[in-house]
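Two complexes, one shared chain (subunit A), two partners (subunit B, subunit C).
Presenting the complex of A and B:
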């Protein structure tokens, strides 16, 4: 008999020379993408993935996987297969983005203009 | 306030939660899939926490420290129902027990929200959300497995049949039913059982399972009075093994 530190194993009274039978293949469950919302009105954020046989159970598991620490008020689950994603081979479509600073607020040298204006109009202000 | 009656009520609730929590925690690492393993273990922890809250109230009423009460008593001093002490068996039995026990537990606390014994009413309000999730979890699994394959249906029905009389034993009446009722502390086991039947029946139907024929009903009693199966002593020894090595150790 196998004598283990884990009493649950010892209790099973498993023979020492017990041949380990390979597990039968499982029907794999699908994956679901999980989004959680920290407070009402916030955007839902993607937090991870769970395996589940259906939407209801995906929700059931998500609560414990991703909602048991910290605060959540709401969870969305979406079948991974329902997510339409871009291809990593097409990642070059994003390549010139860093060059386009003028599209970001930080790209404008506003402060310089303000300081220049202040300097020029010092007497008036 | 009838302290003896309150203590009896608290002890049976706390012991049910402690033993159920411990049994369910035995699935940790052995659950069917990782997501379920985490969910079931987390709920087992909730139950032990809930037991702790009740042991704390008992301590306020003059009983020993919560850890001492939880880990130092032998089986014949425990007030849990025999249902919760039975070994886990396979997942079918554990899920059916989870379903039958947690519905009763949720209803009991729901009834206690308006208890005239304020500390208990406060705990009941605080853990409402936990209990709601536990029951949602149980309902989802039972309905899913009851509508699964021929094997899962047969296993669930067998588990329900084998559990039934033990489950009825959860509602074993105590010596203070009238006192608890007249002082608006707790409405009583009979009222709880009636509500429990009404709550579980729709889910049993949805799961395509059948409640055993009423002619076979024979509640297995004794747990509340310290009469237990052989499995409980083994459980309390294992559960308290580390604590008993040195009860005065600081953790």
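Presenting the complex of A and C:
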């Protein structure tokens, strides 16, 4: 049988039938949500998660996972269990928002009124 | 990098929609039809969850195991620049595995459970990584052509319906584009080099061609199952379509270098616009995916060894009061 040239096989001589010891729960620690800022002035953006045993290592892993190419200036990490999120099932709480034109600049149109006024009052102006 | 998720053809056909709430199912399908994404806490059919876990998990394992044949060449890379690049590529692959494990975790399977299924041999990973990278040129062919195949697969899947998988794949595809360019640069360097280098890269191509043709998997059986997975945007393109796309993009580039593809029947059929090729040996594919390949045993042994040796470090760092919460997105 052809073996690869993996040094762990050729030099360390790992047994091919080494014992299977399953990982215990929490072996891979908790998860942290990662927020990445590309450059000063940008918002931090959620980019994913890392598994880590504590905040410091979460930051270290985040730098490797989400900051190893391109530009970065800052990273935040937050324990997943500390994030309190709304429920997608409750998304109807946002439903009427696009209708609230009185909150938008576009909800205030005056040109028609001005033009009408000008037309009716030509002599005065 | 990755091969297409493997569905065992002997898997019992399921009564896929048994016991699903018809109203919730209709809402779910309507959302997908509107082009909206499904997020982790949304209601989803059991079969959707099961197939996505299987697919994302296999993909993650493929990234981890895929790092092994290439990683072998880090210590023997020809020159400092190539060594740095190969280390960066291998680190990317392991990073991809972590992104993917996270995406699968949002569906409710823990990372420990997935790793356990890998090291016990219960889960599959891409079949190509059960072959050895015998020379430096093999690692170059992998980086170019296997990663090229992976990109075709991943670009298709990134448009799928599950939000976390799509987001992970978008990030992965950006990084894979470096792998592809790096692999091409390596292959071109060898193919335009000395006669010995040319011979080495030709031999590597000859060795890797059958696994490359296996890469996208056998022709899809047209079944109700496949139809539903495509309707749910879990499966985004048929295996044959992806294989054709790969041949269309890369065979001309291989021929450009004067290299020979070891298949006398390989040609673009002017009438159909599709590539004709010798049907890959699917018995060999099945033999290897079921454990009979040259490197299956050592890949898992190396992985088990890594888990074993790191265990005390992870345990030492584990804090008593920590408890697991499924990641959010």
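Rule of thumb we're sticking to: the second predicted complex is superposed on the first by the 76 of 125 C-alpha atoms of A that agree within 3 Å, B and C clash if a C-alpha of one lies under 4 Å from a C-alpha of the other, contacts with A are read in each partner's own complex, and residues count from 1 in each chain.
Convention: a contact is a pair of C-beta atoms (placed from the backbone, for glycine too) under 8 Å apart; a residue touches a chain by one contact, two chains touch by 3 or more.
Every value quoted in this text rests on a predicted model; they were computed, and no experiment measured them.
When both complexes are overlaid on chain A, the residue A:15 reaches subunit C alone and has no touch with subunit B. More residues of subunit A lie in contact with C than with the other chain of the pair subunit B and subunit C. Shared-chain residue A:68: touches subunit B and subunit C both. Judged by the touch definition given at the top, the superposed model places A:51 against both subunit B and subunit C. By the touch criterion defined above, A:60 reaches subunit B but does not reach subunit C. Contacts of A:88 after superposition on the shared chain: subunit C is touched, whereas subunit B is not. Using the contact criterion defined above for the overlaid structures, shared-chain residue A:7 touches subunit B and also reaches subunit C. By the touch criterion defined above, A:80 reaches subunit C but does not reach subunit B. Contacts of A:28 after superposition: subunit C is touched, whereas subunit B is not reached.
Shared interface residues of subunit A, touching subunit B in one complex and subunit C in the other, are 7-8, 29, 50-51, 53-54, 57, 64-65, 68.
Note for the complex: subunit C touches subunit A at residues 39, 41-42, 68-69, 71-73, 75, 91, 95, 98-99, 102, 105, 110-112, 115-116, 119-120, 132-134, 167-168, 171, 175, 294-295, 297-298, 301-302, 304-305, 307-308, 311, 314-315, 317-319, 322-329. Of all residues in subunit A, those touching subunit C in their complex are 1-9, 12, 14-31, 33, 46-51, 53-54, 57, 64-65, 68-69, 80-81, 83, 85, 87-89.
Residues 7-8, 29, 50-54, 56-57, 60-61, 63-65, 68 of subunit A touch subunit B in their complex. By the touch rule above, subunit B contacts subunit A in their complex via residues 26, 30, 33-36, 38-39, 42-43, 133, 136-137, 140, 144, 238.
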